[in-house]
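So the structure is just underneath, and the comments pick up after that.
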Amino acid sequence: MISRTVLLGLLPIIAGIALFQRRRLTAVIGMGLFSLVLTANYLLHSAPDVAVTEAAIGAALVTVIYMLAIRRTGRLLVVADEVPGLLAFEGDQPVGVEVDILGGFARRLGLDLSIQIVPHQDVETVLLRGDADLGAGGLSAELDARLHRSRDHLTTAWVRLRPKGGTDLDSEEIPTAKRCEYPGYFSDLIEAVQRNDPVEATLDMARFLAVSRNDLSSWSVTRLLSPRGYAFVAAPRRKRLRDQLTAYIDELERSGLLDDMIRRHLA
Amino acid sequence: MILPLLPLSHVFLGLTAIAWKASARATLIAALIIDISLLAMAFSPAAHWLSGLSVGGWVDVIGIRLTLDLLARDFLLLTVLLELAVVVYIWRQHVRPMFVILLQFLVGSVIALILSQDLFNIYVILELLTLVSFLLVAYDRRTFQIWASLKYLILASLGMSIFLLGVAVVYANVGSLGLAAIGQTVIADPHAEWIPLAAALLVAGVSVKAGILTFSLWLPDAHSTAPAAISALLSGLVIKMGVVVLIRLAAIFPLGLVLQILGGITGIGGAIYAMSSRDLKRMLAFHTLSQMGYLLIGMSTATHNAANGVLAYALAHGSFKALLFLAAGTAFDAVGSTNIAHMIHTRHLIPLRTRAALLLGTLAIVGLPPFDGYIAKAPLLAAAHGWANQAILVLIGIGTAASFLKLLPLFKGPYRRVGNDPAWQSYVILALPILLFLPIERALFGAAFVLPAMNWVIAMESLAVLGVGWLVFRIHRRTEARPPEGLLRLETATAAILLGFAAVYALLKFA
Amino acid sequence: MRRPVRTTLVVALSLLVCGIVIFDLAVSEAPLRPDDSVLLATKTGASNLVSAIYLGARLYDTLFEVLVFTVAVIGVCFYLSERPSTARPSAIPESHVLQASAQILFPLILLLGLYLTFFGHLSPGGGFSGGVVAASGLLLCVMSIGLDTVYRRLSGAGIERLEWALPMLIVAVCVLPLAFGRSPLSNLLPVGRARQVFGSPSILLLNILIGLKVLIGSWMVLHAFIRHRGEI
Amino acid sequence: MGWLNGTTIAMILFAIGTTALIVRRDLVIKLLALGLINSSGILFLISIRFRPQMVAPILPVPAWVPIADPLPQALVLSAIVINFAILALSLVFVMLLVERYHTTDCERIEHAVDTEKAAQESQAPEGDSQASDAERPHR
């Protein structure tokens, strides 16, 4: 009687804990454990046939299938827009300084690196929604206070690109630019410049270098003051991740690997 | 005695086809032969010989009982009709054998369900039906099909576990799962404490499968994204299986008020969504919901004629909805879209027979007098008592007319012969019941049943509804108001099922 | 709607549904009918009453359940087969401890599966659990000697055809009594002495067929999942 | 502790399952929750007419000892297998979705499906290309 009560009471506890786990693998294992306890309950309810079937199917087969289907390792989900040199896709492979840093960092944590391309303007929103762990792709401005900014890995400056003949801004207004600004994906901007569409944009150095491979004679180019550093940004409540990343970048710098990476991709 | 053979023959055929990799056409021919002999058996004068003790002659309390009653015959007719039409429709297409095999399983489980008189047997067959239609919806493997299909499976499975809870409550109080035994227990003590809970669980569970708002919010996505032949089967046949179970439950439990309210919500809600949808297949899917309203209102009226009217309308709806879906599929092949505006723009590219089929289906569904939509609706209108029922029926009619009037420009000229219409024979098969519904009904339900359709008051009422529908259509065309699509999301749909259960329970317990 | 509000509402709704059932649940105190069960036991010859119902009085249900399982296997194979698989040399990472223990456990588990299948009508168990247990034995085998070796021995059109032919055979066994003038889905073979392995031959036959079918079916499902491992 | 019986626990499990099914956004966890809901139905069916002194329905049982009702137990065997079938198939479909969208987050998938559908409706229907915007953001 007492054992039956205890085993019954255990069920909701295990199920509640298992289903509200952050990691899927833990949840699957928790539900496997739940199935085992359920089997014991069936035995105590004088239903040995059901117990045998539940043990074979619910506890063994189902758990095995889940374990086979889901990825063993977790994922480090990074959102970024493409920045040639820092983080860009060549075919299917991401390459760049930030990719190297993040790849090594993910390997250290034992995670798979998964990069998702979103427009630069949306990185902040995606992170605040909690849909990704890290933001990258030439982030140099101050972002929302709830996000955690890692240390810089490279210094940069901002460049303002305007079609010639437009209204000129006062130089006083220039430092108010808070971040890179351009419409949509960076690849769209490149296409627009190639088509000679009159677009306005505020760009960081890496993006500007990529854009300047095209003919910029019909644009006026202004270099903004206040050099900044490129950094990564961690989602709210991922402060520890940020600290680990900062420590990792420190380490790279000390060992000279960071300089190697920069030379390899940006020389 | 040999009743279990009816579903098992289809199942056996499906298994044979997969084991020996039979070609699709050979399987289809064998299926048709089986169907014809099934029909002959079911409608032969010796049919009473078929029903008997429970399957296998086991103890009655534990065993499973099957019967071939009027309801089963009616739906058997619908099943064979739709299978025939779909087989003809896909005959010229290149279909993989897997499609045909799943089709056999689908038909087999449908036949098993309409014969079944046992609650748990119904549960198992409904699950089989869910799984098979789940696989069929995503047959083309487009991602939105896969997502619609997965949503369907999750919601249907939640519904079925609610149904299972209901089965448990019934069994704990009756000690048997046979519908007859349950009915006797309920009649012996109609105010027993367990009845509201059991009825609410069973009704909520099966409503998820039956296309009833707010339980079946998966339906528009699944039915509008599936391939045309599958949509026709799902909307014409599979959704009716939930209705079959509801009819059987309504014969046991006092569900009048619940069915009336659910019918009102389903019919009017479906019509409102249909009015503002711009895609033909999506509109048809929403109309599957709105037409369920007719069936529910009919079920809530506990008269003999209303009960027959429900069966007749299910048959009629199956035929014209399948016709519309099949024609929409051909039209999609011709113009590459089912967006209504686009279809109207490129109407000269749609084959003539397909346009004729769309026209016939439209006329039938809006309830124009000589067609089967009207003939089947008439007994329901005549039997509906109380202003509420009448009002709901009229409102559904207006909504249906208002949304289908959008299609009218599709039937204007030019009439040129374009391309060939590969599947026109299937239209003929489905057009037969639409045009010849009166004799079919007379043969099935007797002469008294067709009288309301001859009544000129009811005919005038239907025409008036059409007229009002036209007005509503003109007014609605100018507004841009659209009902929220967010309701159809997975989370909302899940919550709606739970909320619906609580509401049904409250109605049964306190009203 | 904001997230906390939504979560609270959902919890309240779930609790409402749960509360309705808990507080309105009425169960009649009428006694069960054990006579029926005992009668059933003599009619089928199975002393495990659950088996007697599962493969006797409600064989019709079980038939559809076998079909559900078959449809699941069809679906898994159909939807996973036409996709490129994650080609990995060895499907499951093996450690030596695991390998050694798998070799010892494999025959034991297979034996357990056989026992469950063959004594399903006398003691807890039956074809379904027996088949699944044997399939998990095969999984252990995969861990110890690798997928490719097992797959080479257990693949080919023959196995697959057997998977589809077995439910046909089960349906046929159920319908066969018709040939002897009895109603379908009744006992095919005469009942023997109680509490003997061959005391209820029809149930034993069905258990063996179902066990074999489920073994092959689960193996096909497992194999499909092993090949497409770790994709979520 | 009379209230702590199988049916109560089963319904609590049901509530936990539905909560997780709605609140959690990960599809795999949704499927686990669905499995929990189905299991709760099974536990409910097993325990609804169970009394503590009952023994397993395997003969021989002395005449004076009450037997646990074998019928629900037989029914439940079917239900367990059905749950397995549902799980295996839905997991396959989740795999297909993940292959396409590289996420198991339900809201993101719904969003991607919606945009894909909208793109399909707006694009000129002649080109029946399956490539769409949804492919792009994920690598």
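Per-chain residue numbering starts at 1, and chain names A, B, C and D are given in the order in which the chains are listed.
Keep this in mind: contacts are C-beta pairs under 8 Å (C-beta built on N, C-alpha and C of every residue); 3 or more make two chains touch, one makes a residue touch a chain.
Because the structure is predicted, anything quoted here is derived from the model rather than measured.
Q: Chains in contact with subunit A and with subunit B: which ones?
A: C, D
Q: Note the shortest touch-path length, in steps, from subunit A to subunit C.
A: Graph distance in the chain contact network comes out at 1.
Q: Work out the mean Cα position per chain and let me know which chain is farthest from subunit C.
A: Result for the farthest chain: A.
Q: Can you name the chain whose C-alpha mean lies closest to the mean of all the C-alpha atoms?
A: D
Q: So what's the Cα centroid distance for subunit B and subunit C, whole Å?
A: 32
Q: Round to the nearest whole Å and give the separation of the Cα centres of subunit C and subunit D.
A: About 18 Å, centre to centre.
Q: Let me have the rounded angstrom distance from the C-alpha centre of subunit B over to the C-alpha centre of subunit D, please.
A: 25
Q: Going through subunit C residue by residue, note those that touch at least 2 other chains and give them in order.
A: 10, 13-14, 17, 21, 25, 27, 32, 48, 50, 53-54, 58, 61, 64-65, 68, 71-72, 75, 79, 123-124, 126, 128, 221, 225, 228, 231-232
Q: Residue numbers in subunit A touching 2 or more other chains?
A: Within subunit A, residues 24, 47-50, 53, 57, 61, 65, 69-70 contact more than one other chain.
Q: Check each residue of subunit D and list the ones that touch at least two other chains.
A: Residues 12, 14, 16, 18, 22, 28, 42, 48-49, 56-58, 71, 73-75, 77-78, 81-82, 84-86, 88-89, 91, 93-96, 104.
Q: Assign the assembly's chain-to-chain touch graph to one of these shapes: line, ring, star, complete, other.
A: Here the contact pattern is something else, fitting no line, ring, star or complete shape.
Q: Which pairs of chains touch one another in this structure?
A: A-C, A-D, B-C, B-D, C-D
Q: Sort out for me which residues of subunit A touch subunit C in the complex.
A: Touch residues, subunit A against subunit C: 24, 47-53, 55-57, 60-61, 64-65, 68-72.
Q: Flag every residue of subunit B that touches subunit D in the complex, lowest number first.
A: Listed in rising order, the residues are 62, 120, 123-124, 127, 130-131, 134-135, 138, 141-144, 146-147, 149-150, 153-154, 157-158, 161-162, 164-165, 167-169, 171-172, 177, 279, 335-337, 339, 342, 489-491, 494-495, 498.
Q: Which stretch or stretches of subunit D touch subunit C in the complex?
A: Residue list for subunit D touching subunit C: 7-8, 11-12, 14-16, 18-19, 22-23, 28, 48-49, 56-60, 66-67, 69-71, 73-75, 77-78, 81-82, 84-86, 88-89, 91-96, 98-99, 104.
Q: Can you list the subunit C residues touching subunit A in their complex?
A: It comes out as residues 48, 50-51, 54, 116, 123-126, 128-129, 132-133, 135-136, 139, 218, 221-222, 225-226, 228-232.
Q: Can you tell me which positions in subunit D touch subunit A when the two form their complex?
A: On the subunit D side, the touching residues are 1, 4-6, 9, 12-13, 16-17, 20, 24, 26, 28-29, 32-33, 35-36, 39, 42-43, 46-47, 50, 52, 54-58, 68, 73-74, 76-77, 80-81, 83-84, 87-88, 91, 94-95, 102, 104-105, 108, 136-139.
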